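In the part that follows, the structures are each spelled out as C-alpha cells.
Below, subunit A partners subunit B and then partners subunit C, in two separate complexes.
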Partner chain A sequence: MTDASRATTESGSQSSAIEPVFTPEGYTEETQYASFWVGAWRRFRRNRLAMFGLVFAGLVILAAVFAPILTPYGYEQIDMMNALQSPSAAHPFGTDELGRDLLTRIVFGARPMLLVGILTGVAGLAIGVPIGVLAGYLGGVFDWLVTRLIDMFSALPWYLIVLYLVMVLSPSLENLILAMIITGWVNSCRLMRGLTFTIREQDYIEAARALGIPRWRIIVFHVIPQAAPLLLWGFAAGIPVAVFAEAGLSFLGMGVRPPRPSWGRMLADSGYYWQFWPHMIIFPALMITLSVLAFQGIADGLRNALDVSENI
Partner chain B sequence: MIVYTLKRLGGIAMTLLLLSIFTFTLSRVVPGGPWMQGAEIPLSDAQVAAFKAKYGLDKPVWQQYLTWLGNAVRLDFGYTFTEPERTVTQLIRSALPYSALVGGLAATLAISAGIALGVVAAANQDSWVDNIVTSYAVFISTIPSFVLGFVLVYFFSVRLSWFPAGNWGDPNDWRDVAHHIALPVLAFGIPATGGVARWTRQCIAEAMAADYVRTAYAKGLQPTGVMVRHVLRNALIPMITRFLPLYPGMMTGSLFIEQVFGLPGLGRYFVVSSTNRDYPLVLGITIFWALLIALTYFVTDILYGIIDPRVRITETRR
Partner chain C sequence: MAPLLQVEDLTVRFHTKDGVVNAVNGISYGMEEGDILGLVGESGSGKSVSSMAMLRLIPEPPGKIERGRVLFNGIDLLQLKRRQMHTVRGRDIGVIFQDPMTSLNPVMPIGRQIAESMQVNLGLDSKKAGRQAVELLSRVGIPQADQRVDDHPHQFSGGMRQRVMIAIAIACGPKLLIADEPTTALDVTIQAQIVDLVRQLQEELGMAIIWITHDLGVIARLAKRVNVMYGGTIVEMAPIKQLFRHPAHPYTYGLLRSLPGAGGASSGDLTYIEGAPPDMINLPPGCPFWPRCSFRTKVCVEERPELADVNEGHRAACWHIDRVLQTSTPEAGEEEAA
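Our next item is the complex of A and B:
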C-alpha cells in the first residue's frame, strides 16, 4: 500500500525530468507501471549486500560528520599512562603505543576515506562528463585527442600513476585527492563517451536535430539525462576504488600525514606492536575491508538495478 | 590482419610516447628534488649546480627529454640518484626476478583456483554452491592484499609460527625461499581469485545459455561432450583474453605485498625511490611497467583478432 502510493508520487515528480530509456532485460509487469527510478530502487532493495552497503555507508558517513561530538577523546590526545591497552569499557577499541584512543582515531579516519571517495567521484563527473560527451558527440580531432588521453591513463594500473603524481607533488591528503582526480576523470569520460555513441544514434535525437534544436541543447537536455543512470553507477563504482586508494597510499606513507588518522596509516604505524596487541590492526583492517565491501555492494546493486551491461 | 596489427602497434607506441612525455615533464617541472628540500647534508649553491650539470638537469626540459628518450628506447634509463654506482636498468634487472617469482606464482594460484571455483559455480547455477562461490568472490576481492597480508602473518607467523613473517631467505636454498614466499603468494593470489571466479562463471554461464548448446543437447549428445566441446571451448576465448594480462600485471610486483613482507622486488624499489624522489629510478620503473603492460595488451589484442575475426574487421573500419 505504502509502496504503491510512493511509486505514484515519485513517478509523478520524476518521470517528466528523466525518461526511462534504458529498457532492462528483466522487464517485468511491475516495472512497466512505475518510473524507471522506482523500478531501479525495487531491484536495488532486493539485493541484500547492496542494502548492507547502504546502511553501513550511511553509518560511516554519520560517524565521520559528527566525529567530534561522538568521541570523548581527541584523535591526537596522547596518554602514555594508558598506552597499548586492550579493548575495555573506557577504550572500546583499545589504545595505541602513545595511548591514543583507537575508536576515536577510527571514527576520524573515516573522514579522509570519504573525502577522497566523494571528491574524486564528483570532480571526475564534473570533468569527465563534459569532455566525454563532446568527444562522443562531435567526434573528429577532439575525439582522437581524448581517446589518446584515455589510452595514456589506461596504459598503467591507476595506482601507479596516482603514486607517481603524489610523489612529484609531495605526499599529503590534498595531493592524493588531486592525483586521484587527475587519473579518475578518465573513467567517467570513457563511460560518457561510449554512451554518447549509442545515444546519439537514437531516433529521438535525430528528431530533435530535425526540429532544429541547437547542439548544446541536445547535449544538455537529451544526451546527458539519458546517460544519468549509468553515470550514477560509474560514480558509485569509483568509490570503493578511492577507499582502497586512500588506505593503500596512506599505508605506503604517500597519503594522509601523521598525526591525522587514516586507517591505512594505522596499519603501517602499528609497527611491531600489533604482533602482541593485535587490536591495533584488527579494527583498521576490518574497517577498510568492510568499507570497500559496502561501497562495492552498493555499486554492484546499482549495476543490477540500473542494468548496466557488461560491454559499457 | 596486417592493418589491424600495425594499427594496434601504432596506438601502443603513441600511448607510451604520451605517457613518457607526461611523466618526464612532471618530474622536471614540479619544484623540489633530491638536493633541494630537507637534505641531510646542506649543499651550497655551487655544489647543487655541479650536481645538476652532472645529471644534465641544467638544460631545457625538452632537450633533457629527447636525451632521455634516445637512451630509453635502448632500455637505458640512466643512473639512479641514490645509488649512483648502479644504472636503473641493472636495478630493474636485479629486482625483477623476485617480483616475477612471487607474482607468477600468485597469478597461477589465482587463475587455477578461480577457474575451478567458477566452473563449479556455473555447473550448479543458482544452487547453494553457486551462492557460496559468488558471495566468496565478492567478499574476497574486496579485501586489500595488504590487509590479508597482516591477517596471514598474524595467524601463521605470530600465532602458529609456521612461516616467517617476511624477507626472502637464502637465495641458494629453494626450500628456504619457498618457506619465505608462501605467505606473500597467498596474500597476493587469494584476493585475485574472486575476480577470476566471477568472470569464469559468467563466461561459462553465457556459453551454456547459447542456442548451439541447446541444439547440441537436442541432438542427444553426451552432456560431458557438450560441456567440453561446445561450452568450454567458447567460454575460453573471453577467459584467455582476460586472464593472460594477469601474469605481467602481477609479475611486475605488488607495491603493497612487497612492503608488508619486506621483499626486495620492483614494487618495493618503486615505493622507496618515490619516498626519496629518485626520479630516474621511478621514471625507469614506470616506463618499464607501462611497456610490459602495453605489450601484453598488444599480444591479447592480436590473439583476440586471430580467434574472433569480427573484432579486427570492426576495428579496422573505425
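Our next item is the complex of A and C:
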C-alpha cells in the first residue's frame, strides 16, 4: 500500500487528500488476461453433464485406487451362507450367488475398466501422435503409407478385430488392452495427421522455418503444442468407447478372467439370477452406464471448452 | 568490395494444374553491405517469391527454382544442402513477415520465440538467450520488457507484435534482413513507427535490408535504392531520388503519377494505370507491360527489352526510355535545351 492510500484510510477524510487509485483486493496483472486453459476451465465448469462426469469419474478413480482400504470384504471372499442376499446394511449392494459382497466387486471392477480406458488412450497417443505428425508434416511416400494404414483400420470394424485378436492371443485383461491399442492408435494418428496439415500451413511455421529452426524442433515445439488441446479431447473421447468395449468383451468372456471382478463379467454372471435377485444386474449395469455417461460428458465438456470444431 | 548479395538470372516457376506460372523470370541485382533496397511491385509481380526463393522457402512442389544463382558472401545459396541452409536462415539472413497477427506462434510466450532462434543458431543456453530476449524486446521499443517476455502474442497489439517480429528477425545479428511487406497489415501511424524503428536499428546494426512493399511512400522514407518489379521481372532499378524524379519506365511513371501529391506531378484527379496485371501463366511474348502501356510500339509487342543504362546506377527495361523520360521529367529536357 502506498503512503498516499494509507493516509486516506487512516484519516477517513476525502476532502483534501487525493483519492488513491482504487485497486480491488486480489487484483493482479494476471487477472486481466485469462489464459487459454483458464478460459477453457470456465467454459467446462458451466457444462453440468461435464461437471457430473468429472465428479463421478473422480470418485470412481479414487475408489479404484483405494479399493483394498475401502472395502471390508475381499473380492474373492466366498460366503455361501449369505449367498444371493438383497441389499442390506452389511452388504449395501447385496451379494452374489457365492455370497461375495457385490459392492466390493463393483469397487474392484473399476480397476480393469480404468486400466483399459487410460492405457489404450495413452498408448494410442504415444504411437499415433508421432506417426501422425510425421505423416502430416513430411507428406510424400510416408504419408501415403500411413494413410493407407489408417484407411485399412477404419474400413474394418475394430470391435471384431479386437475380439478376434483376443481369441487368438488367449483371453485376458492384458491381451484385451494390447488388442485395443493395436486398433486404437489409428484414431490419434488420424487426428494428429489432420491437425498437422492445418498447423503446417500457418504463417508462424513458415516464420520458424525462415529462422532456421530445424524440422524436429518445429514439430516438437510448434506443431504438437498447438495440437495439444485437441489431442486432450481425442484422448477423453476415446475413454468411454474403451470402457464400453471392456465391459462388452468381459461380458463375452474375452476380457478379465474370473475370479477377478469386472462389471461386464458380473453382468454376464447375473444371467441366471437377475429375475429373482435384480440387484445382481442393476448395480453393474448402472455402473457401466454411469461411467460411460460420465466420461462421455467429460469429453463433450472438453469439446465445448476447447472449442473443437467437429469436422476434423 | 565484393557485394553482400548477388542475384543472377533467378527464375522461379510454379507448376500448377492450370499451367506453369512464371513467377520470377530471370532477375539479377546486387547489394552491398548496409544497403537498403526497396522492392516495389503490385501483387503477383514476383517480389515476395523472388526473396523467399533466395531462402528456399517457396513450397516445392509446386514451386521450382529453374535456374540462377544467389551468391551471399560469395556462396551460392541455391546449391546449399538443407542442413547448411538452416544455418543461413535466421543467423545470416533474417525475415520479417507481412502479418504479425499470424506469424507468431499463439501458444508460445514471445520471449521463448525470440530465444529459440538464438538457441538454435548461436548455440546459446536458454538462460542467456532469455536474457538477450529481454534486451531485444526493450531495444525494439516494448515497455516493461522484462515482464512482457512471458506474455503470449494475443496480449500484444498488431504494432507491438510487429516489433516482436523485428526482435526475432534481428536476434542473431543477420547481415541481411528481408522485410516482406512488414507494414501492410498495420495502420498508417503504426506503419511510420515501424519504419522509423527499422531505420534506427539499421543505423545501429548496419545490416542490409530488402524491403518488399507496394507502398512507394514507405520506400521514400527508408530505401536508398529501389527495384521496381513487374510481371516477374525487374523493369527499373535506380537510386531512390533518381527514381522519384526521373522515372524511366512507363510502369514506374504510372505508379508515381497515381500517388496523391507526393510526385508533385499530379494535381486534381488521381491517375491510374489502365488494365489489369498480366496473367503470369500466359505472359505476353514482348515487354510484359505493353498491354497497359501508352508508349508502346511494334517492337514492344514482339521483343522483350533488357535492362539498359539510363544514368549512373539507374537502369530500365524499356524500348522507349528517352520518350518516357521526356514525358516524366519535361523540365529536365528543357534544362538540357537551355
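Note that in this section the second predicted complex is superposed on the first by the 280 of 312 C-alpha atoms of A that agree within 3 Å, B and C clash if a C-alpha of one lies under 4 Å from a C-alpha of the other, contacts with A are read in each partner's own complex, and residues count from 1 in each chain.
The rule we apply is simple: a residue touches a chain if its C-beta (ideal position, glycine included) is under 8 Å from a C-beta of that chain, and two chains touch if they have at least 3 such contacts.
Just so you know, these numbers come straight off a predicted model, no measurement behind them.
Enquirer: With the two complexes overlaid on their shared chain, look at subunit A and say whether subunit B and subunit C clash or fit.
Expert: Partners fit side by side after overlay.
Enquirer: In this superposed model, does subunit C or subunit B come into contact with more residues of subunit A?
Expert: Comparing touch counts on subunit A for subunit B and subunit C gives B.
Enquirer: Between subunit B (first) and subunit C (second), which does A:P214 come into contact with in this model arrangement: first, second, both, or neither?
Expert: The second partner, subunit C, only.
Enquirer: Quick one: classify A:G39 as touching subunit B (first), subunit C (second), both or neither.
Expert: neither
Enquirer: Give one of first, second, both or neither to describe whether A:G124 is in contact with subunit B, with subunit C, with both, or with none.
Expert: neither
Enquirer: For A:P112 in the superposed arrangement: first (subunit B), second (subunit C), both or neither?
Expert: A:P112: touches no partner chain.
Enquirer: How far apart, in Å, are the nearest Cα atoms of subunit B and subunit C after the overlay?
Expert: Nearest C-alpha atoms of the two chains are 9 Å apart.
Enquirer: Could you give the residue numbers on subunit A that contact subunit B in one complex and subunit C in the other?
Expert: Touching subunit B in the first complex and subunit C in the second, no residue of subunit A appears in both lists.
Enquirer: Which of the residues in subunit A come into contact with subunit C in the complex?
Expert: 29, 33, 35-36, 202-204, 206-214, 217, 221-222, 225-226, 228
Enquirer: Show me the residue ranges of subunit B that touch subunit A in the complex, using the header's touch definition.
Expert: 11, 14-16, 18-19, 22-23, 26-27, 30, 32, 138-139, 141-144, 146-147, 150-151, 154, 158, 202, 249, 255-256, 259, 270-271, 274-275, 277, 282, 286, 289-290, 293-294
Enquirer: Show which residues of subunit C lie in contact with subunit A when the two form their complex.
Expert: 55, 57, 85-91, 94-95, 97, 99, 102-108, 116-117, 120-121, 147, 151-152, 155, 165, 168
Enquirer: Okay, in this complex, where on subunit A does subunit B touch?
Expert: Listed in rising order, the residues of subunit A that touch subunit B are 49, 148-149, 151-152, 155-157, 159-160, 163-170, 240, 244, 247-248, 251-254, 267, 274-275, 278, 281, 285, 288-289, 292-293, 296-297, 300, 310.
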